[in-house]
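Chain IDs A, B, C, D and E follow the sequence of writing; residue 1 opens each chain.
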Amino acid sequence: MFRILEIGPDGLVQVLEGTEHVGPPPEGFIRWIDLEKQCEADLTLLAERFKFHPLTIEDCSHFDQRPKMEEYSDYLFLVTHGFRLTNATSDPLETLELHTFLGEHYLVTVHAEPIPALEAVWNRLKGEGALIRRGVDFVCYLVTDAVVDSFFPLLDDIAVQVEEVEDHVLDGSGHVELSDIFRLKRLLVQLRKVLSPQRDVFALLAKRGEGWIDQRTAVYFRDVYDHVLRIHEWVEGTRDLLGNALDAFLWSASQRTNEIMKRLTLLSAIFMPLTFITGFWGQNFEGLPFESDGLMIAMLASCAVVPAAMVYFFMKSKWF
Amino acid sequence: MFRILEIGPDGLVQVLEGTEHVGPPPEGFIRWIDLEKQCEADLTLLAERFKFHPLTIEDCSHFDQRPKMEEYSDYLFLVTHGFRLTNATSDPLETLELHTFLGEHYLVTVHAEPIPALEAVWNRLKGEGALIRRGVDFVCYLVTDAVVDSFFPLLDDIAVQVEEVEDHVLDGSGHVELSDIFRLKRLLVQLRKVLSPQRDVFALLAKRGEGWIDQRTAVYFRDVYDHVLRIHEWVEGTRDLLGNALDAFLWSASQRTNEIMKRLTLLSAIFMPLTFITGFWGQNFEGLPFESDGLMIAMLASCAVVPAAMVYFFMKSKWF
Amino acid sequence: MFRILEIGPDGLVQVLEGTEHVGPPPEGFIRWIDLEKQCEADLTLLAERFKFHPLTIEDCSHFDQRPKMEEYSDYLFLVTHGFRLTNATSDPLETLELHTFLGEHYLVTVHAEPIPALEAVWNRLKGEGALIRRGVDFVCYLVTDAVVDSFFPLLDDIAVQVEEVEDHVLDGSGHVELSDIFRLKRLLVQLRKVLSPQRDVFALLAKRGEGWIDQRTAVYFRDVYDHVLRIHEWVEGTRDLLGNALDAFLWSASQRTNEIMKRLTLLSAIFMPLTFITGFWGQNFEGLPFESDGLMIAMLASCAVVPAAMVYFFMKSKWF
Amino acid sequence: MFRILEIGPDGLVQVLEGTEHVGPPPEGFIRWIDLEKQCEADLTLLAERFKFHPLTIEDCSHFDQRPKMEEYSDYLFLVTHGFRLTNATSDPLETLELHTFLGEHYLVTVHAEPIPALEAVWNRLKGEGALIRRGVDFVCYLVTDAVVDSFFPLLDDIAVQVEEVEDHVLDGSGHVELSDIFRLKRLLVQLRKVLSPQRDVFALLAKRGEGWIDQRTAVYFRDVYDHVLRIHEWVEGTRDLLGNALDAFLWSASQRTNEIMKRLTLLSAIFMPLTFITGFWGQNFEGLPFESDGLMIAMLASCAVVPAAMVYFFMKSKWF
Amino acid sequence: MFRILEIGPDGLVQVLEGTEHVGPPPEGFIRWIDLEKQCEADLTLLAERFKFHPLTIEDCSHFDQRPKMEEYSDYLFLVTHGFRLTNATSDPLETLELHTFLGEHYLVTVHAEPIPALEAVWNRLKGEGALIRRGVDFVCYLVTDAVVDSFFPLLDDIAVQVEEVEDHVLDGSGHVELSDIFRLKRLLVQLRKVLSPQRDVFALLAKRGEGWIDQRTAVYFRDVYDHVLRIHEWVEGTRDLLGNALDAFLWSASQRTNEIMKRLTLLSAIFMPLTFITGFWGQNFEGLPFESDGLMIAMLASCAVVPAAMVYFFMKSKWF
């Protein structure tokens, strides 16, 4: 489904629909062509009108590329990733992959599903022609910046979860499951897999001022690069903390079991001398003074004193 | 066993057989010579006809090279690796090693066993002369790309297995064996050993547009490089997850044993007071009121109440 | 809240207040403008008077940037971080973020809260005009150096805590909590997140003598760079030691529980033979010589000797 | 003990003995001087005749250098390491250190003990004058290649041992000792300490075609470099696997102990109810119906049924 | 306390004392000024006479710098570290920090405490004027080389301790304490903190032949660089081994406790059936054949046979 945002030399912003407008803009015009839910036919159309390289067209039909930047003679091809947390428990992290063709006078964005960040930029640009007049590279900046910034609520969300896990592990309340920690680890692995190539892409965009990105716009990409770096460092630090939380979780789960066993063993130990005492007087030796009331009282007393003494000793030794 | 694919200046594709055609093609022709199950005599023939360097010929007789690219004055020598999962339990990963000589007008591929990916390219080229006309470097791209792409089903297969292991570890169903995890670890170590030099090879091919690879073909090698990178990152991420799975497996196996012991100890603890009670009334003190029915009923009651209370307490404390 | 320190060509230092003096200094003058608790209006004023880039102005309104250095056509934009330990248990490390604009004749510092290190430099400069005359880059050095040096008391503080943790873990006195170790780990992760970009910033400042930093001042920045490196290495070394302390803590906590269980099991083992002996003579076989005084004495003796022998054996085997 | 291999312009190979021939060869001649079991006097002689730098002479008297390449004005000084497995249990890895001086027309090799690989090259060259005629750098290649290739049988040997350890750990047969794993770890640490500088040496030799190594010979050193890289990756992969094997070993040894304890505790648990039953009827309450044959049969039955039921339950729960 | 070694153009070596000779040497002379136990006044004197940069003078008053090399217009400023093992248990590693100013005709060394290695060089130079005539850079090499070589006895000492720890851990003799391992870890962390910047310093000295270091002397610094590299690799390898030793120690300590518990549990298990047997015949059922001598003998037999059979079974299963 194509939609086109065009600004003419007169600064008038127009929203065009229909495939007949797909193609490089006329002289003096700037075009942003957005293709959502791309099908085979759409891509063929793009290839025809823009002469895009077969490899990039092929990339656009499989949405499982890693972030990258490839320079072609006529355009720059970018793949960037955003993320969205979903409620699905099986795979809670939905990747929003955005393919961008940045030409001299046009920007073509291809994505499988609606990307909220891109939508926001679209609507903002519809109203503000001045922003588009700063060049397609600036529009490209706006879009990729919005995609990268959509990471931050995600990070906050994960941070809260990691902190919860850590707190629950430390207070030993048992509200954490091993699978929670594994889910978070998996999330971080997935994020890291995307972030390190994404970092490289924006480092290149920030530097390569000459060529496709204007020097003035490169400053903005430097800013995006900085955000990606910050996210990357956050992920590394969080991985570290989560690794510790996992260790502590495993340990405290084992420790909990051990603690229970220790208490049960304490209980057994307390009854052990009692068993001996009663066993002793359960013998059938005729020589034993079974009729002595004094001994019986001593027996009764020791049945009370021995366990009490043991409990006192255990408590003093902090064995409980 | 040699087989030769030749295209003349007239665009006619010919399949030649027999050792007399082994050698550089005539002026204007392009040749792809494929040598399967190489023997000493075949390699000597190649060395004679093409003047290949003794070191490269020697490499071709031992199929245990690491991926590499070596430039010689007349040709480029490439070693790339593909993989195939086999059913053998002892060594489930079969390496498909491909040695390639890329000259100006010829491509020589040497391999010990039939490589399905190469076979597919061969058959495709037999029918499409146009593809060969784009140069031997493009044919070289087609072959190496096919070899690299044969990694992906393998990765999917491993991914499924890792996920299964992880799930089984987490649900504690005990369907995992330590040897399963070790087998997967070994697989990943083996993959990584190949992937990091392979990555370097394709990075070089993608950059060194001048020389042996045409600028237009280098774009395609950049694509292959990207795939190798993606595989590499996948392997790193999977190693990370598998390491966690191993930790969790070892822990949960220990934990399972501990849990059982805890329950058994609980059982012992419940019987401990009973042993004391019956032991107490098993004493032979004559002073004890053995004929008291009230005490007997109290004894009987406590034999029921004490364990019940303990079970209640343990359950409330979530010790079960 | 703006405040301005100005030195004229006559070497006279003046402290100006009020927004009308905010702006580049007159010819021959040098100005340091310090903005604390910045509000929207203040930043707008700065943007107007100094023509600062919108991105840097935006950065100044969110105090969660990572340390960085950005070059603009008219000025250098620096973000550096200091730290302060607070008494708050929840988040004991307060970040002091300092944003600096270094122009040819002016220095603008923006921060949210009062920074003691900056305050000290301000007061020192108020008295010593000579220091300011060495150029704004030197003033910038004084400020950033003071911020970095404010790390050291923090490090000493953490070092003492880590050592305490380690000592308590080793002597097994149980004065450590898992949460203490986690708090320290978190501190180090936070420090590291700041230090590695900060290191890069000062490396750049130390090298880029030409341009914004005078060659003579660059020597001083090299010194700051060296301090940052030292802090960085300290953090790495401390992380290593803390990781070991964590391992040892978890182990010694488990070990303590195991030791107690071992002793309880020893106790049970000692009573086991006694239970057998008394049980034996508790049997009702009429054939057993219950009236033999010799056996009774033997029984009494073994009730004393057997546990004594076991205790002796256990002690000799160092099982206690 | 010196021995000298000389080839004249006429292609005649001569083996010279005696110290009078030690020194640079006459015009048009090429010399390989091999010094085994060097003593102070020999080194002084070398220093005098060849004007070797005092530092390199000093290096030759202590055979504990790390692999390195040093360029001097007249010659290249190389230190390379080979290895040999010995039967000694204390230190099973014997280092064969080879010091090489590569001049324009001469090669001087110094080593403490006979190196089999070097011996083989010596004997081969004695017969093949043509090989020496390719220059001293080629002779140098032959020697260092032989030394590096002597790693491979060692690797195979270690690989077999690691695999055995892993297999024994996995099948739990208990044929592994902790000290076996430590010995292998120590071996790998030792190998790695040598391999990473050795890799750098050969990388330099492979690149620096101009100067001491001819372009044609540099191709051969590239091959050696590749072998060293392969060994290095092998060591890294093996370290990884061995680390896992260690984890699994420690775990399975603990697990074995735990398993035994679990079974013993199962046994105790089975007897616990029996103790209660017999204890119950061992009481002296007169109210208890001791003369009831029905109860006695019930008692006897429960002594059989209760443990049987427990064993059945434990087996069903897979607690055994 | 200053002392000065001066050599004139006539090759005469003189030892001067007194502060009046502190300063650059006269034309044609070379001076090494050594300052031990520096005080404020001494440093001020140095700053005055040599015009040293305030930053370097400030560095000399705090002996806690990291190894570094800083180039100033007139001289090179070096900080290098040596180590000495002390008998103090609290902090067994004493750092010997040496600050060196290397000018064109003078060398100034500043240190807090007497450094044996430096003392040895001083005495050697007093006698050998020829060595000083090779230039101050060579004197600088002699001093720093001596400082670095003083690492080696330290390393041997640590190596012996690590090996002892490892052996004791493996033979399970219990002669190791956790604190021993921690002390060694701490030593290695401290060494590493110094070694990695020291390595960089000597790499720079070895390369920067032009400038302050003569090409001929740079060769010697290359040698020192090599030694530092060797020490660095040694530390890395030892850290690895010590990490394994720590794991094994923690495990074997736990394992020892577990072994004891296993044996105690075995003991309990052996007595369990006996308790049942005696308990059985302790019942008061009148139906039981208490007067049967055959059963009594069977009872007595089973009291002997059952435990014997169990011990036999446990031994056969290698449960002991």
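What we mean here is this: contacts are C-beta pairs under 8 Å (C-beta built on N, C-alpha and C of every residue); 3 or more make two chains touch, one makes a residue touch a chain.
Just so you know, these numbers come straight off a predicted model, no measurement behind them.
Colleague: Hop across touching chains from subunit C and tell me the fewest hops that reach subunit D.
Modeller: Tracing touching chains, the least step count from subunit C to subunit D comes to 2.
Colleague: If you average the Cα atoms of subunit A and of subunit D to get two centres, how far apart are those centres in Å?
Modeller: That pair's centroid distance is 41 Å.
Colleague: Centre to centre, by mean C-alpha position, how many angstrom separate subunit B and subunit D?
Modeller: Averaging C-alpha atoms per chain gives centres 25 Å apart.
Colleague: Where in subunit B do residues touch at least two different other chains?
Modeller: 254, 258, 261, 265, 268, 275, 279, 282-284, 288
Colleague: Line, ring, star, complete or other: which describes how these chains touch one another?
Modeller: Drawn as a graph, the chains make one closed cycle, so a ring.
Colleague: Which order do the chains take around the ring when read from subunit A towards subunit B?
Modeller: A, B, D, E, C
Colleague: Touching subunit D in the complex: which residues of subunit B?
Modeller: Going by the criterion above, the answer is residues 53, 55, 65-66, 68, 70, 72, 174, 178-179, 182, 185-186, 189-190, 192-193, 196-197, 246, 250, 253-254, 257-258, 260-261, 264-265, 267-268, 271, 274-275, 278-279, 281-284, 288, 290-291, 293, 295-296, 299, 303.
Colleague: Which residues of subunit A touch subunit C once you look at their complex with the stated criterion?
Modeller: 166, 170, 219-220, 222-223, 226, 229-230, 233-234, 237, 240-241, 244, 247-248, 251-252, 254-255, 258-259, 261-262, 265-266, 268-269, 272-273, 275-276, 279-280, 282-288, 318-319
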